[in-house]
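Each remark here refers to the structure printed beneath this line.
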Amino acid sequence: MQSQRTSVRVRYAETDQMGVAYYANYFIWMEVGRVEFCRALGFRYRDMEIDEGVLLAVVEANCRYLAPARYDEEVIVHTRIEAATPRMVRFGYEMRSSEDGRKLATGETKHIFCGRDMKPRKLPERYRALFGIGGVRQNRPLANCARGGLV
Amino acid sequence: MQSQRTSVRVRYAETDQMGVAYYANYFIWMEVGRVEFCRALGFRYRDMEIDEGVLLAVVEANCRYLAPARYDEEVIVHTRIEAATPRMVRFGYEMRSSEDGRKLATGETKHIFCGRDMKPRKLPERYRALFGIGGVRQNRPLANCARGGLV
Amino acid sequence: MQSQRTSVRVRYAETDQMGVAYYANYFIWMEVGRVEFCRALGFRYRDMEIDEGVLLAVVEANCRYLAPARYDEEVIVHTRIEAATPRMVRFGYEMRSSEDGRKLATGETKHIFCGRDMKPRKLPERYRALFGIGGVRQNRPLANCARGGLV
Amino acid sequence: MQSQRTSVRVRYAETDQMGVAYYANYFIWMEVGRVEFCRALGFRYRDMEIDEGVLLAVVEANCRYLAPARYDEEVIVHTRIEAATPRMVRFGYEMRSSEDGRKLATGETKHIFCGRDMKPRKLPERYRALFGIGGVRQNRPLANCARGGLV
(Lines give C-alpha, C1' and ligand atoms only; values in the text may rest on other atoms or scores of the structure.)
Protein backbone atom coordinates (compact mmCIF):
# COMPACT_ATOMS: atom_id res chain seq x y z
CA MET A 1 0.00 0.00 0.00
CA GLN A 2 1.41 3.36 -0.97
CA SER A 3 -1.19 5.83 0.15
CA GLN A 4 -4.51 5.54 1.89
CA ARG A 5 -7.53 7.46 0.82
CA THR A 6 -10.25 8.50 3.22
CA SER A 7 -12.84 11.22 3.15
CA VAL A 8 -14.28 13.79 5.52
CA ARG A 9 -17.21 16.07 4.90
CA VAL A 10 -16.75 19.68 5.99
CA ARG A 11 -18.95 20.28 9.03
CA TYR A 12 -20.73 23.52 9.77
CA ALA A 13 -18.77 23.58 13.01
CA GLU A 14 -15.59 23.60 10.95
CA THR A 15 -16.43 26.69 8.91
CA ASP A 16 -15.67 30.20 10.06
CA GLN A 17 -17.18 33.54 9.19
CA MET A 18 -14.98 33.73 6.11
CA GLY A 19 -17.36 31.07 4.78
CA VAL A 20 -14.65 28.42 4.44
CA ALA A 21 -13.18 25.68 6.59
CA TYR A 22 -11.08 27.14 9.41
CA TYR A 23 -7.40 26.41 8.92
CA ALA A 24 -6.79 24.42 12.12
CA ASN A 25 -9.33 21.81 11.07
CA TYR A 26 -7.10 20.55 8.29
CA PHE A 27 -4.86 19.13 11.01
CA ILE A 28 -7.81 17.23 12.42
CA TRP A 29 -8.50 15.83 8.96
CA MET A 30 -4.86 14.74 8.78
CA GLU A 31 -5.46 12.89 12.06
CA VAL A 32 -8.45 11.15 10.48
CA GLY A 33 -6.25 10.33 7.51
CA ARG A 34 -3.46 8.71 9.50
CA VAL A 35 -5.85 6.75 11.72
CA GLU A 36 -7.49 5.31 8.63
CA PHE A 37 -4.03 4.73 7.20
CA CYS A 38 -3.19 2.59 10.24
CA ARG A 39 -6.48 0.73 9.90
CA ALA A 40 -5.65 0.00 6.28
CA LEU A 41 -2.21 -1.22 7.37
CA GLY A 42 -3.99 -3.78 9.51
CA PHE A 43 -4.07 -2.37 13.01
CA ARG A 44 -6.04 0.15 15.01
CA TYR A 45 -4.06 3.06 16.37
CA ARG A 46 -6.33 2.81 19.43
CA ASP A 47 -5.13 -0.70 20.13
CA MET A 48 -1.50 0.30 19.82
CA GLU A 49 -2.14 2.88 22.54
CA ILE A 50 -4.11 0.53 24.77
CA ASP A 51 -2.21 -2.73 24.24
CA GLU A 52 1.32 -1.46 23.84
CA GLY A 53 1.19 1.90 25.57
CA VAL A 54 2.75 3.38 22.45
CA LEU A 55 1.64 6.89 21.52
CA LEU A 56 2.34 8.88 18.41
CA ALA A 57 3.25 12.33 19.73
CA VAL A 58 3.31 15.09 17.13
CA VAL A 59 6.56 17.03 17.03
CA GLU A 60 6.00 18.99 13.86
CA ALA A 61 3.04 19.81 11.64
CA ASN A 62 2.54 21.97 8.61
CA CYS A 63 -0.03 22.68 5.98
CA ARG A 64 -0.13 24.61 2.73
CA TYR A 65 -3.58 25.87 1.78
CA LEU A 66 -4.17 25.98 -1.96
CA ALA A 67 -7.92 26.43 -2.32
CA PRO A 68 -10.62 26.92 0.31
CA ALA A 69 -12.73 23.95 1.40
CA ARG A 70 -16.39 24.85 1.62
CA TYR A 71 -19.14 23.73 3.95
CA ASP A 72 -20.59 20.29 3.16
CA GLU A 73 -17.84 19.62 0.64
CA GLU A 74 -16.36 16.14 0.66
CA VAL A 75 -12.61 16.28 1.12
CA ILE A 76 -10.50 13.31 0.09
CA VAL A 77 -7.47 12.91 2.31
CA HIS A 78 -4.61 10.93 0.79
CA THR A 79 -2.20 9.80 3.48
CA ARG A 80 1.15 8.14 3.18
CA ILE A 81 4.27 7.47 5.17
CA GLU A 82 7.13 9.61 3.96
CA ALA A 83 9.74 8.28 6.34
CA ALA A 84 9.84 5.96 9.32
CA THR A 85 12.42 4.68 11.78
CA PRO A 86 11.93 2.83 15.07
CA ARG A 87 11.85 6.24 16.76
CA MET A 88 9.76 8.43 14.47
CA VAL A 89 7.41 8.49 11.54
CA ARG A 90 6.54 11.24 9.10
CA PHE A 91 3.20 11.27 7.31
CA GLY A 92 2.41 13.22 4.16
CA TYR A 93 -1.09 14.31 3.18
CA GLU A 94 -2.81 15.64 0.16
CA MET A 95 -6.38 16.90 0.34
CA ARG A 96 -8.59 17.20 -2.70
CA SER A 97 -12.20 18.04 -3.36
CA SER A 98 -14.17 14.96 -4.33
CA GLU A 99 -16.36 17.04 -6.62
CA ASP A 100 -13.87 18.51 -9.02
CA GLY A 101 -10.60 16.99 -7.88
CA ARG A 102 -9.00 20.36 -7.22
CA LYS A 103 -6.16 20.23 -4.75
CA LEU A 104 -7.11 21.95 -1.49
CA ALA A 105 -4.06 21.47 0.65
CA THR A 106 -0.93 19.46 1.31
CA GLY A 107 0.64 18.81 4.66
CA GLU A 108 3.04 16.80 6.77
CA THR A 109 3.17 15.69 10.37
CA LYS A 110 6.20 14.27 12.13
CA HIS A 111 5.73 12.08 15.18
CA ILE A 112 7.90 10.36 17.70
CA PHE A 113 6.87 7.14 19.35
CA CYS A 114 6.56 7.55 23.07
CA GLY A 115 5.11 5.96 26.18
CA ARG A 116 2.27 7.10 28.40
CA ASP A 117 4.80 9.22 30.25
CA MET A 118 5.39 11.13 27.01
CA LYS A 119 9.02 9.93 27.01
CA PRO A 120 10.43 8.68 23.68
CA ARG A 121 10.55 4.95 23.16
CA LYS A 122 11.14 2.64 20.24
CA LEU A 123 8.31 1.22 18.21
CA PRO A 124 7.81 -2.43 19.23
CA GLU A 125 9.22 -4.90 16.70
CA ARG A 126 5.86 -6.29 15.70
CA TYR A 127 4.71 -2.94 14.30
CA ARG A 128 7.86 -2.11 12.36
CA ALA A 129 7.09 -3.96 9.18
CA LEU A 130 3.68 -2.30 9.09
CA PHE A 131 5.34 1.10 9.07
CA GLY A 132 7.78 -0.12 6.45
CA ILE A 133 10.72 0.10 8.83
CA GLY A 134 13.72 -2.01 7.97
CA GLY A 135 11.79 -3.28 5.05
CA VAL A 136 11.42 -2.85 1.37
CA ARG A 137 8.65 -0.25 1.26
CA GLN A 138 9.09 1.83 -1.86
CA ASN A 139 7.66 5.28 -1.41
CA ARG A 140 6.67 6.91 -4.63
CA PRO A 141 6.45 10.70 -4.54
CA LEU A 142 3.24 11.98 -2.97
CA ALA A 143 2.33 13.70 -6.22
CA ASN A 144 1.44 10.29 -7.57
CA CYS A 145 -1.15 9.44 -5.02
CA ALA A 146 -3.93 11.45 -6.53
CA ARG A 147 -3.20 10.28 -10.02
CA GLY A 148 -2.98 6.73 -8.84
CA GLY A 149 -6.21 6.83 -6.87
CA LEU A 150 -6.25 4.51 -3.91
CA VAL A 151 -2.65 3.34 -4.41
CA MET B 1 -19.70 33.75 46.82
CA GLN B 2 -22.90 33.51 44.85
CA SER B 3 -21.78 33.58 41.26
CA GLN B 4 -18.43 33.83 39.57
CA ARG B 5 -17.82 36.06 36.63
CA THR B 6 -15.27 35.27 33.96
CA SER B 7 -14.88 36.32 30.36
CA VAL B 8 -14.02 34.77 27.05
CA ARG B 9 -13.45 36.51 23.76
CA VAL B 10 -15.08 34.90 20.73
CA ARG B 11 -12.34 33.37 18.59
CA TYR B 12 -12.38 33.27 14.82
CA ALA B 13 -12.18 29.51 15.15
CA GLU B 14 -15.44 29.62 17.08
CA THR B 15 -17.44 31.42 14.41
CA ASP B 16 -19.20 29.62 11.61
CA GLN B 17 -20.28 30.72 8.17
CA MET B 18 -23.46 32.21 9.64
CA GLY B 19 -21.06 34.87 10.97
CA VAL B 20 -21.80 34.10 14.62
CA ALA B 21 -20.36 31.84 17.29
CA TYR B 22 -21.19 28.19 16.58
CA TYR B 23 -23.63 26.82 19.13
CA ALA B 24 -21.46 24.02 20.54
CA ASN B 25 -18.85 26.53 21.68
CA TYR B 26 -21.14 27.90 24.38
CA PHE B 27 -20.64 24.60 26.18
CA ILE B 28 -16.90 25.16 26.09
CA TRP B 29 -17.40 28.62 27.56
CA MET B 30 -19.48 27.03 30.31
CA GLU B 31 -16.49 24.79 31.03
CA VAL B 32 -14.28 27.87 31.28
CA GLY B 33 -16.89 29.36 33.61
CA ARG B 34 -16.99 26.43 36.01
CA VAL B 35 -13.23 26.01 36.11
CA GLU B 36 -12.87 29.66 37.07
CA PHE B 37 -15.71 29.17 39.54
CA CYS B 38 -13.69 26.41 41.22
CA ARG B 39 -10.59 28.60 41.23
CA ALA B 40 -12.60 31.36 42.92
CA LEU B 41 -13.84 28.80 45.46
CA GLY B 42 -10.24 28.20 46.37
CA PHE B 43 -9.16 25.09 44.49
CA ARG B 44 -8.08 24.10 41.00
CA TYR B 45 -10.28 21.57 39.28
CA ARG B 46 -7.06 20.18 37.82
CA ASP B 47 -5.73 19.38 41.27
CA MET B 48 -8.96 17.65 42.27
CA GLU B 49 -8.48 15.37 39.28
CA ILE B 50 -4.79 14.76 39.90
CA ASP B 51 -4.71 14.63 43.71
CA GLU B 52 -8.04 12.99 44.44
CA GLY B 53 -8.79 11.19 41.21
CA VAL B 54 -12.21 12.85 41.30
CA LEU B 55 -13.69 13.78 37.92
CA LEU B 56 -16.75 15.85 37.13
CA ALA B 57 -18.50 13.84 34.43
CA VAL B 58 -21.25 15.69 32.56
CA VAL B 59 -24.57 13.87 32.55
CA GLU B 60 -26.75 16.63 31.18
CA ALA B 61 -26.20 19.94 29.42
CA ASN B 62 -28.46 22.50 27.88
CA CYS B 63 -28.34 25.98 26.46
CA ARG B 64 -30.87 28.56 25.36
CA TYR B 65 -29.57 30.99 22.76
CA LEU B 66 -31.06 34.45 23.04
CA ALA B 67 -28.85 36.63 20.87
CA PRO B 68 -25.90 35.73 18.65
CA ALA B 69 -22.37 36.24 19.91
CA ARG B 70 -20.14 37.81 17.29
CA TYR B 71 -16.48 37.38 16.47
CA ASP B 72 -14.09 39.21 18.82
CA GLU B 73 -16.94 40.03 21.20
CA GLU B 74 -16.17 39.67 24.89
CA VAL B 75 -18.64 37.34 26.55
CA ILE B 76 -19.09 37.50 30.31
CA VAL B 77 -19.92 34.09 31.75
CA HIS B 78 -21.67 34.15 35.12
CA THR B 79 -21.44 30.77 36.79
CA ARG B 80 -23.09 29.53 39.94
CA ILE B 81 -23.92 26.29 41.68
CA GLU B 82 -27.63 25.59 41.49
CA ALA B 83 -27.60 22.39 43.50
CA ALA B 84 -25.00 20.08 44.99
CA THR B 85 -24.93 16.81 46.89
CA PRO B 86 -22.00 14.48 47.63
CA ARG B 87 -22.89 12.69 44.39
CA MET B 88 -23.65 15.44 41.92
CA VAL B 89 -23.49 19.14 41.21
CA ARG B 90 -25.51 21.33 38.89
CA PHE B 91 -24.07 24.55 37.53
CA GLY B 92 -26.08 27.41 36.05
CA TYR B 93 -24.69 29.91 33.57
CA GLU B 94 -25.66 33.21 32.12
CA MET B 95 -23.72 34.73 29.25
CA ARG B 96 -23.82 38.42 28.45
CA SER B 97 -22.07 40.74 26.06
CA SER B 98 -19.57 42.94 27.88
CA GLU B 99 -20.24 45.76 25.44
CA ASP B 100 -23.93 46.33 25.87
CA GLY B 101 -24.87 43.87 28.58
CA ARG B 102 -27.40 42.08 26.40
CA LYS B 103 -28.10 38.53 27.45
CA LEU B 104 -26.69 36.06 24.93
CA ALA B 105 -27.54 32.71 26.47
CA THR B 106 -28.36 30.79 29.59
CA GLY B 107 -27.47 27.21 30.34
CA GLU B 108 -27.07 24.43 32.85
CA THR B 109 -24.80 21.44 33.21
CA LYS B 110 -25.31 18.57 35.60
CA HIS B 111 -22.35 16.47 36.67
CA ILE B 112 -21.74 13.43 38.78
CA PHE B 113 -18.56 12.94 40.70
CA CYS B 114 -16.72 9.87 39.54
CA GLY B 115 -13.34 8.17 39.60
CA ARG B 116 -10.83 7.62 36.82
CA ASP B 117 -12.78 4.47 35.96
CA MET B 118 -15.78 6.70 35.20
CA LYS B 119 -17.70 4.98 38.01
CA PRO B 120 -19.69 7.23 40.36
CA ARG B 121 -18.12 8.04 43.71
CA LYS B 122 -18.79 10.51 46.48
CA LEU B 123 -17.08 13.85 46.65
CA PRO B 124 -14.34 13.70 49.33
CA GLU B 125 -15.33 15.42 52.56
CA ARG B 126 -12.76 18.17 52.27
CA TYR B 127 -14.36 19.52 49.11
CA ARG B 128 -17.94 19.47 50.31
CA ALA B 129 -18.04 22.80 52.08
CA LEU B 130 -16.53 24.42 48.98
CA PHE B 131 -19.46 23.18 46.93
CA GLY B 132 -21.83 24.32 49.67
CA ILE B 133 -22.83 20.75 50.50
CA GLY B 134 -24.26 20.19 53.96
CA GLY B 135 -23.65 23.81 54.58
CA VAL B 136 -25.42 27.08 54.70
CA ARG B 137 -24.89 28.27 51.14
CA GLN B 138 -27.87 30.35 50.13
CA ASN B 139 -28.39 30.33 46.42
CA ARG B 140 -30.19 33.33 45.10
CA PRO B 141 -31.94 32.86 41.77
CA LEU B 142 -29.60 33.09 38.77
CA ALA B 143 -31.50 36.10 37.49
CA ASN B 144 -29.82 38.09 40.22
CA CYS B 145 -26.31 37.42 39.14
CA ALA B 146 -26.24 39.96 36.37
CA ARG B 147 -27.92 42.60 38.44
CA GLY B 148 -25.62 41.94 41.30
CA GLY B 149 -22.48 42.09 39.20
CA LEU B 150 -19.69 39.96 40.52
CA VAL B 151 -21.73 38.64 43.45
CA MET C 1 -39.05 8.60 6.54
CA GLN C 2 -39.24 8.68 10.30
CA SER C 3 -35.65 8.93 11.42
CA GLN C 4 -32.36 9.15 9.61
CA ARG C 5 -29.35 7.19 10.64
CA THR C 6 -25.83 8.40 10.10
CA SER C 7 -22.53 7.63 11.75
CA VAL C 8 -19.50 9.48 13.03
CA ARG C 9 -16.29 8.02 14.31
CA VAL C 10 -14.89 9.61 17.48
CA ARG C 11 -11.78 11.56 16.54
CA TYR C 12 -8.73 11.88 18.73
CA ALA C 13 -9.33 15.63 18.60
CA GLU C 14 -12.72 15.02 20.17
CA THR C 15 -11.43 13.17 23.22
CA ASP C 16 -10.33 14.92 26.37
CA GLN C 17 -7.99 13.91 29.15
CA MET C 18 -10.80 11.98 30.82
CA GLY C 19 -10.26 9.54 27.96
CA VAL C 20 -13.74 9.99 26.51
CA ALA C 21 -15.39 12.24 23.96
CA TYR C 22 -15.70 15.80 25.26
CA TYR C 23 -19.30 16.74 25.89
CA ALA C 24 -19.58 19.67 23.49
CA ASN C 25 -18.77 17.41 20.55
CA TYR C 26 -22.10 15.63 20.81
CA PHE C 27 -23.69 18.84 19.58
CA ILE C 28 -21.46 18.74 16.52
CA TRP C 29 -22.54 15.16 15.89
CA MET C 30 -26.14 16.33 16.14
CA GLU C 31 -25.31 18.85 13.42
CA VAL C 32 -23.94 16.03 11.26
CA GLY C 33 -27.13 14.12 11.99
CA ARG C 34 -29.51 16.84 10.90
CA VAL C 35 -27.53 17.71 7.79
CA GLU C 36 -27.69 14.07 6.72
CA PHE C 37 -31.36 14.08 7.69
CA CYS C 38 -31.93 16.93 5.25
CA ARG C 39 -29.95 15.13 2.56
CA ALA C 40 -32.14 12.07 3.09
CA LEU C 41 -35.22 14.29 2.81
CA GLY C 42 -34.02 15.25 -0.63
CA PHE C 43 -32.24 18.57 -0.26
CA ARG C 44 -28.90 19.90 0.90
CA TYR C 45 -29.01 22.26 3.83
CA ARG C 46 -26.16 24.09 2.10
CA ASP C 47 -28.35 24.82 -0.89
CA MET C 48 -31.17 26.09 1.29
CA GLU C 49 -28.73 28.60 2.72
CA ILE C 50 -27.25 29.59 -0.61
CA ASP C 51 -30.34 29.49 -2.83
CA GLU C 52 -33.01 30.68 -0.42
CA GLY C 53 -30.98 32.57 2.16
CA VAL C 54 -32.77 30.52 4.80
CA LEU C 55 -30.73 29.63 7.87
CA LEU C 56 -31.53 27.29 10.71
CA ALA C 57 -30.52 29.24 13.81
CA VAL C 58 -30.32 27.20 16.99
CA VAL C 59 -32.36 28.61 19.85
CA GLU C 60 -32.13 25.71 22.26
CA ALA C 61 -30.00 22.62 22.60
CA ASN C 62 -29.70 19.91 25.18
CA CYS C 63 -28.06 16.56 25.66
CA ARG C 64 -28.26 13.77 28.22
CA TYR C 65 -25.11 11.66 28.46
CA LEU C 66 -25.77 8.05 29.32
CA ALA C 67 -22.49 6.29 28.60
CA PRO C 68 -19.14 7.66 27.50
CA ALA C 69 -18.15 7.49 23.84
CA ARG C 70 -14.57 6.35 23.41
CA TYR C 71 -11.90 7.24 20.90
CA ASP C 72 -12.28 5.56 17.49
CA GLU C 73 -15.73 4.28 18.41
CA GLU C 74 -18.37 4.50 15.73
CA VAL C 75 -21.38 6.43 16.94
CA ILE C 76 -24.70 5.99 15.18
CA VAL C 77 -26.74 9.17 15.25
CA HIS C 78 -30.49 8.71 14.77
CA THR C 79 -32.11 11.98 13.84
CA ARG C 80 -35.76 12.84 13.48
CA ILE C 81 -38.05 15.82 13.39
CA GLU C 82 -40.04 16.09 16.58
CA ALA C 83 -42.05 19.14 15.63
CA ALA C 84 -42.09 21.62 12.80
CA THR C 85 -44.01 24.76 11.84
CA PRO C 86 -43.25 27.36 9.16
CA ARG C 87 -41.28 29.26 11.83
CA MET C 88 -39.37 26.59 13.71
CA VAL C 89 -38.27 22.98 13.74
CA ARG C 90 -37.23 20.72 16.57
CA PHE C 91 -34.93 17.78 15.97
CA GLY C 92 -34.50 14.81 18.29
CA TYR C 93 -31.39 12.65 18.38
CA GLU C 94 -30.36 9.37 19.80
CA MET C 95 -26.73 8.25 19.74
CA ARG C 96 -25.71 4.63 20.06
CA SER C 97 -22.49 2.70 19.82
CA SER C 98 -22.34 0.70 16.61
CA GLU C 99 -20.37 -2.03 18.36
CA ASP C 100 -22.71 -3.06 21.13
CA GLY C 101 -25.75 -0.90 20.52
CA ARG C 102 -25.58 0.71 23.95
CA LYS C 103 -27.25 4.08 24.14
CA LEU C 104 -24.70 6.86 24.56
CA ALA C 105 -26.82 9.98 24.58
CA THR C 106 -30.07 11.59 23.60
CA GLY C 107 -30.61 15.20 22.67
CA GLU C 108 -32.77 17.85 21.08
CA THR C 109 -32.16 21.04 19.20
CA LYS C 110 -34.74 23.69 18.46
CA HIS C 111 -34.22 26.04 15.54
CA ILE C 112 -35.96 29.00 14.03
CA PHE C 113 -35.82 29.73 10.35
CA CYS C 114 -34.19 33.06 9.69
CA GLY C 115 -32.57 35.12 6.98
CA ARG C 116 -28.96 36.16 6.52
CA ASP C 117 -29.69 39.10 8.80
CA MET C 118 -30.48 36.59 11.56
CA LYS C 119 -34.08 37.89 11.65
CA PRO C 120 -36.84 35.27 11.82
CA ARG C 121 -38.61 34.42 8.59
CA LYS C 122 -40.98 31.75 7.43
CA LEU C 123 -39.75 28.62 5.72
CA PRO C 124 -40.46 28.94 1.97
CA GLU C 125 -43.47 26.90 0.83
CA ARG C 126 -41.46 24.50 -1.28
CA TYR C 127 -39.59 23.16 1.76
CA ARG C 128 -42.60 22.72 4.02
CA ALA C 129 -43.70 19.31 2.89
CA LEU C 130 -40.14 18.07 3.31
CA PHE C 131 -40.22 19.10 6.95
CA GLY C 132 -43.66 17.54 7.29
CA ILE C 133 -45.32 20.89 7.85
CA GLY C 134 -49.02 21.06 7.07
CA GLY C 135 -48.77 17.51 6.02
CA VAL C 136 -49.48 14.04 7.18
CA ARG C 137 -46.13 13.16 8.72
CA GLN C 138 -46.73 10.83 11.63
CA ASN C 139 -44.01 11.07 14.19
CA ARG C 140 -43.62 7.98 16.26
CA PRO C 141 -41.88 8.42 19.61
CA LEU C 142 -38.10 8.65 19.36
CA ALA C 143 -37.75 5.54 21.48
CA ASN C 144 -38.83 3.57 18.46
CA CYS C 145 -36.05 4.65 16.20
CA ALA C 146 -33.45 2.37 17.63
CA ARG C 147 -35.76 -0.56 17.80
CA GLY C 148 -36.95 0.11 14.32
CA GLY C 149 -33.48 0.56 12.92
CA LEU C 150 -33.38 2.92 10.01
CA VAL C 151 -37.09 3.81 10.24
CA MET D 1 6.51 47.19 18.96
CA GLN D 2 8.51 44.09 18.22
CA SER D 3 6.40 41.27 19.58
CA GLN D 4 3.07 41.10 21.32
CA ARG D 5 2.48 38.91 24.29
CA THR D 6 -0.89 37.42 25.09
CA SER D 7 -1.98 34.42 27.07
CA VAL D 8 -4.42 31.56 26.78
CA ARG D 9 -5.28 29.00 29.39
CA VAL D 10 -5.51 25.40 28.15
CA ARG D 11 -9.16 24.37 28.19
CA TYR D 12 -10.38 20.91 29.04
CA ALA D 13 -11.94 20.87 25.59
CA GLU D 14 -8.47 21.34 24.15
CA THR D 15 -6.91 18.32 25.81
CA ASP D 16 -7.02 14.86 24.32
CA GLN D 17 -6.77 11.42 25.84
CA MET D 18 -2.98 11.68 25.79
CA GLY D 19 -3.55 14.12 28.64
CA VAL D 20 -2.03 17.08 26.79
CA ALA D 21 -3.30 19.82 24.52
CA TYR D 22 -4.26 18.45 21.11
CA TYR D 23 -1.89 19.64 18.42
CA ALA D 24 -4.40 21.47 16.22
CA ASN D 25 -5.27 23.84 19.06
CA TYR D 26 -1.90 25.53 18.88
CA PHE D 27 -3.04 27.00 15.58
CA ILE D 28 -6.07 28.47 17.33
CA TRP D 29 -3.79 29.99 19.95
CA MET D 30 -1.72 31.50 17.12
CA GLU D 31 -4.96 33.09 15.88
CA VAL D 32 -5.54 34.55 19.33
CA GLY D 33 -1.97 35.80 19.26
CA ARG D 34 -2.24 37.61 15.96
CA VAL D 35 -5.61 39.15 16.76
CA GLU D 36 -4.17 40.57 19.96
CA PHE D 37 -1.12 41.63 17.97
CA CYS D 38 -3.40 43.66 15.69
CA ARG D 39 -5.18 45.14 18.69
CA ALA D 40 -1.82 46.20 20.11
CA LEU D 41 -0.94 47.74 16.74
CA GLY D 42 -3.99 49.93 17.14
CA PHE D 43 -6.76 48.30 15.13
CA ARG D 44 -9.19 45.44 15.46
CA TYR D 45 -8.87 42.71 12.88
CA ARG D 46 -12.67 42.51 13.02
CA ASP D 47 -13.00 46.08 11.85
CA MET D 48 -10.59 45.54 8.98
CA GLU D 49 -12.88 42.74 7.81
CA ILE D 50 -16.09 44.71 8.30
CA ASP D 51 -14.98 48.19 7.23
CA GLU D 52 -12.53 47.36 4.48
CA GLY D 53 -13.63 43.91 3.41
CA VAL D 54 -10.01 42.81 3.81
CA LEU D 55 -9.46 39.26 5.03
CA LEU D 56 -6.28 37.55 6.10
CA ALA D 57 -6.46 34.17 4.40
CA VAL D 58 -3.97 31.60 5.65
CA VAL D 59 -1.85 30.06 2.92
CA GLU D 60 0.68 28.25 5.07
CA ALA D 61 0.95 27.24 8.70
CA ASN D 62 3.39 25.21 10.70
CA CYS D 63 4.20 24.37 14.26
CA ARG D 64 7.05 22.63 16.08
CA TYR D 65 6.06 21.06 19.36
CA LEU D 66 8.79 21.11 21.97
CA ALA D 67 7.04 20.25 25.22
CA PRO D 68 3.43 19.29 25.91
CA ALA D 69 1.02 21.90 27.20
CA ARG D 70 -1.13 20.58 30.03
CA TYR D 71 -4.71 21.24 31.04
CA ASP D 72 -5.26 24.54 32.88
CA GLU D 73 -1.73 25.67 32.10
CA GLU D 74 -1.33 29.29 31.09
CA VAL D 75 0.41 29.56 27.73
CA ILE D 76 2.09 32.82 26.79
CA VAL D 77 1.93 33.43 23.05
CA HIS D 78 4.54 35.80 21.69
CA THR D 79 3.54 37.04 18.25
CA ARG D 80 5.47 39.10 15.79
CA ILE D 81 5.49 40.01 12.12
CA GLU D 82 8.34 38.29 10.34
CA ALA D 83 7.69 39.77 6.93
CA ALA D 84 5.03 41.90 5.30
CA THR D 85 4.30 43.31 1.86
CA PRO D 86 1.11 44.88 0.51
CA ARG D 87 0.09 41.39 -0.60
CA MET D 88 1.04 39.12 2.29
CA VAL D 89 2.14 38.97 5.88
CA ARG D 90 3.98 36.29 7.81
CA PHE D 91 3.59 35.98 11.56
CA GLY D 92 5.97 34.14 13.87
CA TYR D 93 4.95 32.73 17.23
CA GLU D 94 6.61 31.39 20.29
CA MET D 95 4.62 29.71 23.03
CA ARG D 96 5.91 29.35 26.57
CA SER D 97 4.53 28.14 29.85
CA SER D 98 3.86 31.02 32.20
CA GLU D 99 4.75 28.86 35.16
CA ASP D 100 8.29 27.84 34.39
CA GLY D 101 8.99 29.65 31.15
CA ARG D 102 9.75 26.47 29.26
CA LYS D 103 9.29 26.75 25.53
CA LEU D 104 6.28 24.74 24.36
CA ALA D 105 6.19 25.44 20.66
CA THR D 106 7.15 27.74 17.85
CA GLY D 107 5.21 28.37 14.69
CA GLU D 108 4.59 30.52 11.66
CA THR D 109 1.58 31.41 9.58
CA LYS D 110 1.66 33.05 6.19
CA HIS D 111 -1.37 34.97 4.97
CA ILE D 112 -2.42 36.80 1.87
CA PHE D 113 -4.73 39.77 1.97
CA CYS D 114 -7.90 39.09 0.08
CA GLY D 115 -11.44 40.31 -0.39
CA ARG D 116 -14.72 38.71 0.61
CA ASP D 117 -14.58 36.80 -2.67
CA MET D 118 -11.36 35.16 -1.43
CA LYS D 119 -9.48 36.78 -4.35
CA PRO D 120 -6.12 38.37 -3.51
CA ARG D 121 -6.06 42.13 -3.10
CA LYS D 122 -3.59 44.67 -1.77
CA LEU D 123 -3.69 45.87 1.78
CA PRO D 124 -5.24 49.38 1.85
CA GLU D 125 -2.65 52.14 2.28
CA ARG D 126 -3.87 53.18 5.72
CA TYR D 127 -2.99 49.81 7.22
CA ARG D 128 0.48 49.47 5.71
CA ALA D 129 2.44 51.42 8.27
CA LEU D 130 0.78 49.38 11.01
CA PHE D 131 2.13 46.22 9.44
CA GLY D 132 5.50 47.89 9.01
CA ILE D 133 5.23 47.86 5.24
CA GLY D 134 7.36 50.39 3.39
CA GLY D 135 8.46 51.59 6.75
CA VAL D 136 11.30 51.36 9.15
CA ARG D 137 10.17 48.43 11.26
CA GLN D 138 13.24 46.51 12.34
CA ASN D 139 12.45 42.90 13.01
CA ARG D 140 14.80 41.26 15.41
CA PRO D 141 15.03 37.47 15.20
CA LEU D 142 12.16 35.66 16.94
CA ALA D 143 14.60 34.03 19.31
CA ASN D 144 14.91 37.40 20.99
CA CYS D 145 11.30 37.80 21.89
CA ALA D 146 11.38 35.54 24.88
CA ARG D 147 14.66 36.89 26.10
CA GLY D 148 13.43 40.40 25.63
CA GLY D 149 10.17 39.79 27.42
CA LEU D 150 7.35 41.92 26.11
CA VAL D 151 9.53 43.61 23.47
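For reference, chains read A, B, C and D in written order, and residue numbers begin at 1 within each chain.
Methods note: a residue touches a chain if its C-beta (ideal position, glycine included) is under 8 Å from a C-beta of that chain, and two chains touch if they have at least 3 such contacts.
Keep in mind it's a predicted model, so treat the numbers as computed, not measured.
Engineer: Counting C-beta pairs in contact, which chain pair has more, A-D or A-C?
Structural biologist: Between A-C and A-D, contacts are more numerous in A-D.
Engineer: Which chain has its C-alpha centroid farthest away from the centroid of chain D?
Structural biologist: Result for max centroid distance from chain D is chain C.
Engineer: Need the CA-centroid distance for the pair chain A / chain D, whole Å please.
Structural biologist: 25
Engineer: Hey, how far is the Cα centre of chain A from the one of chain C, in Å?
Structural biologist: One centre to the other, that is 29 Å.
Engineer: Two or more other chains touching the same residue: where does that happen in chain A?
Structural biologist: Only 12-13, 18, 20, 24, 28, 31, 71 qualify.
Engineer: Chain contact graph: line, ring, star, complete or other?
Structural biologist: Topology of touching chains reads as complete, every chain touching all others.
Engineer: What does chain A use to touch chain B in their complex?
Structural biologist: Checking each residue of chain A against chain B gives 12-13, 15-20, 22, 24, 71.
Engineer: For chain B, which residues count as touching chain D in their complex?
Structural biologist: 9, 11-13, 28, 31-32, 35, 44-46, 71-72
Engineer: Which positions of chain D touch chain A when the two form their complex?
Structural biologist: Per the stated touch rule, the residues are 18, 20, 23-25, 27-28, 31, 55, 57-65, 68, 109, 118.
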